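One structure is given below, encoded as structure tokens.
In this document, chain identifiers A, B and C correspond to the written order of the chains, with residue numbering beginning at 1 in each.
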Amino acid sequence: MMKLFDQNRHIVQRLGFIAITLMALVTVLPIIGTVAFILVKGGSAISLEFLSGFPHDGMRAGGILPAIIGTLYLTLGTALFSVPLGIAAAIYLSEYARDNQLTRLIRLAIINLAGIPSVVYGLFGLGLFVLFLKFGTSILAASLTLSIMTLPVIISTSEEALRAVPQAFRTVSISLGATRWQTISRIILKEALPGILTGIILGLERAAGETAPILFTGAAFFLPQLPHSPFDATMALPYHLFVISTQVPEMPIQIQYGTALVLLVFVLTMNVIATVIRSRARAKRQW
Amino acid sequence: MVDKIIIENLSLQYSDGTESLRNVSMGIPQNAVTVLFGPAGGGKSTLLRCLNRLNDLTEIKASSGRILIDGENILDPKTDVIALRRRVGMVFARPVTLPMSIRENIIYGLELAGEKRKSKLDEAVERSLKLSAIWDEVKDRLDESAIELSGGQQQRVCLARVIALQPQVILLDEPTSGLDPISTGKVEAALFELKKEYTIILVPHSVQQAARTADHAAFFLTGELIEYGDGKSLFTNPKQKKTEDYVMGRFG
Amino acid sequence: MEKSLSWREFIITRLIQSSGYSAILFVALIFFFLLREGLPALGEVDVSSLLNFRWYPIESYFGILPLISGSLIVTLGAALIAVPFGIGTAVYISEVAPRWMREILKPLVELLGGLPSVVLGFLGILVLAPFLRVFLNLPTGLTAFTGSLLLGGIAVPTVVSVAEDALDSVPRAYREGAWALGATRWQTIWRVTLPAAKSGVLTAVMLGVGRAIGETMTVMMVTGNAPVLATGLGSLFAPVRTMTATIAAEMGEVANGSTHYHVLFFIGMVLFIISLIVNVIASSVVFRAKKRAERILS
């Protein structure tokens, strides 16, 4: 009797494990499928002209250079604001903040920033940067909007990396006559660097792929030339993909897949770099 | 003999409610090894961390009393703690070398103090490593990572790192607790040399080590200084019952 | 020299401190600008017309109920997909998978989180919608259901990573205790590990749902954009339009300061408040769970 019961339990376990493995596979396989599908379908569109030319014939021919450059500008612009601010905020939380109401409020604010819908960021950017500060629909306004959206990712990953550095390093450094900032700048930041870099790249990856926050703050439908200053609007890969897949009738499918491929490669490269930095740092770490 | 440090009515309570020191008064003489010993939680480490104000990093609820080093009260809020910590160096229980080369570890404090001359730095590296009895073992690999060294070697590098700053007082908090007997012997021998130049305060990791190294010894129990006196007589002929029980190993 | 050092230290400390506070400032600024541009809507349109069934801004019909119902039905569908698959995957990664499998799965799920939503929307239009139209024999493939499927995929990484963290933080001793009492690993998962991680898993579900409500581009591209009030399950297979998609689709074409403009900001404000509530509740669950763990350990 006991034995039968035992056997039953193990059959249940076997079935359960199979079911849950299948669930994981159903979750993961479409990801691989999506990436592979776009790589295959878009591959034939890629050519030097496609990557380095301007769109023409109502975007139904030519290249996507302005969108690529635009996304680069926006990503760099986002980094310019969000990286220093994000790292500084992470340093504050990990090295300076005491466990009190104010700190809890800051953490709550960060969690909330992470949860605000991207289109609401777009509205905010429109209200503050485009209209109130009169930056206009511009790279500057879009980058600032994306920066604030990226901030929580950078702050929380950097804080985690800083906290992982052993407390003993801080005590020792202080005991040798270092100030708090000397300790941070000479030891803690150096040790936390790989983790911080990973966070930055993951944050920027998200910014590079976003469309909704730049819809009303900086994205242009079509521009015959590259932007000249931060106060110009710009084309961007994600918005361009949106435009050519929904707004332009009789759009050649090839160009659509090609654009999706370039955007995907852009984002995936950042993702892979982040993963590599993280795993190499883990392997090398001596503490 | 001159008292380098005078502790007057020092009391301290941590924020979590634990009381760590109760009305401790004692004088610590120059150029000698003063040993603070007793069971865990007696307040020895807390006292050490008061002497270089490392307790500033911890949440403290209340403290009172004075600590005079060369007549100056270092607990005064106006004290330059950075300068104090250069004057009062500390070696910790766990050997923690910073994640950099051996040379960089030694000159870390000096560079922070503004010393840039290479000749001075090189001189300090050699002198302090020799005083810590580790020069011969590491002189050919000064630019290798300090973390590669063994625990005993790392601890002596930590000692050298403190000596390089030319402090007046060296605090050692169970510096040999994780080391093998041979490394322990080397550290103790180094202390014997060092006391000619410095005032040394040691929290030993055993009564035996206390007896071996102490010129003066203070017995601490639950935050109170029970007995303080000459190293030889305190271990052979303690005056207090509690001290005797502890020294004889009859302590619960 | 010491003097200049302490000045530098002082300034740097202030800079770092204000950066730390900046997160609060940004949330406040976002809320302020949404209120500033959104509240006038209440003066220009009365509440009864806002809570109406007809969204047709050109003729000044600003009933947001169809948009809310659109968001709800798409999100509900997404949750029905993301919750079981997300938790299942999290359990698999944390409790069942061999180490090498874990090393492959985790970055892959993270990758899904990083896929731009516009790419998913693009594939939704070109591949998923035509397939569903034929497969389910519908007049159009651009339906709430199509949106739900893709949104489910977008919410999954959030659910997986938060739930996996929660499962991971269950002390190993709990599991070993259960095994020692003769429970199989499967029983341990259901009766010990998951219940112990309950609050974290709940947080995962909430954050996943929050992510789904806020998603914009994918739903705008694949749900057909018809502002029709959802009345039942049947609406799942008809075109709908969500709050986010409405803002994204219409904001570019309205005149600044018009009633339509204010109403769109008002919808943004509603979305902001929803996400605020979701995140405040989710984080208080996290805090409470942590306190309980501290109690157990002390």
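List of remarks:
Following the convention adopted for this analysis, a residue touches a chain if its C-beta (ideal position, glycine included) is under 8 Å from a C-beta of that chain, and two chains touch if they have at least 3 such contacts.
Everything quoted here is computed from the prediction, not taken from an experiment.
Central chain (C-alpha centroid nearest the global protein C-alpha centroid): A. Relative to the C-alpha centre of chain A, the farthest chain centre belongs to B.
Separating the centre of chain B from that of chain C, both taken as means of CA atoms, is a distance of 54 Å. In terms of their C-alpha centroids, the spacing between chain A and chain B amounts to 48 Å. Centre-to-centre separation of chain A and chain C, using mean CA positions: 16 Å.
For chain B, residues that reach two or more other chains under the stated contact definition are 82-83.
Of all residues in chain A, those touching 2 or more other chains are 179, listed in ascending order.
Only residues 52, 54, 57, 82-83, 85-86, 89-90, 92, 94, 96, 98-99, 108-109, 112-113, 145, 147, 158, 161-162, 165 of chain B touch chain A when the two sit together in their complex. Within the complex formed with chain A, the residues of chain C that make contact are 5-6, 8-9, 12-13, 15-17, 19-24, 26-27, 29-30, 33-34, 36-37, 84-86, 88-89, 91-93, 96-97, 105, 107-112, 114-123, 125-127, 153, 156, 160, 184-187, 189, 207, 210-211, 213-217, 221, 244, 247-248, 251-252, 256, 264-265, 268, 271-272, 275-276, 278-280, 282-283. Contact residues of chain A toward chain B in the complex are 166, 168-179, 182, 186-187, 190-191, 286-287. By the touch criterion given at the top, residues 9-10, 12-13, 16-17, 19-21, 23-24, 26-28, 30-32, 34-35, 37-38, 84-85, 88-89, 91-93, 95-97, 105-124, 126-128, 131-132, 148, 151-152, 155, 179-181, 202, 205-206, 208-212, 215-216, 238-239, 241-242, 245-246, 253, 256, 260, 263-264, 267-268, 270-271, 275 of chain A touch chain C in their complex.
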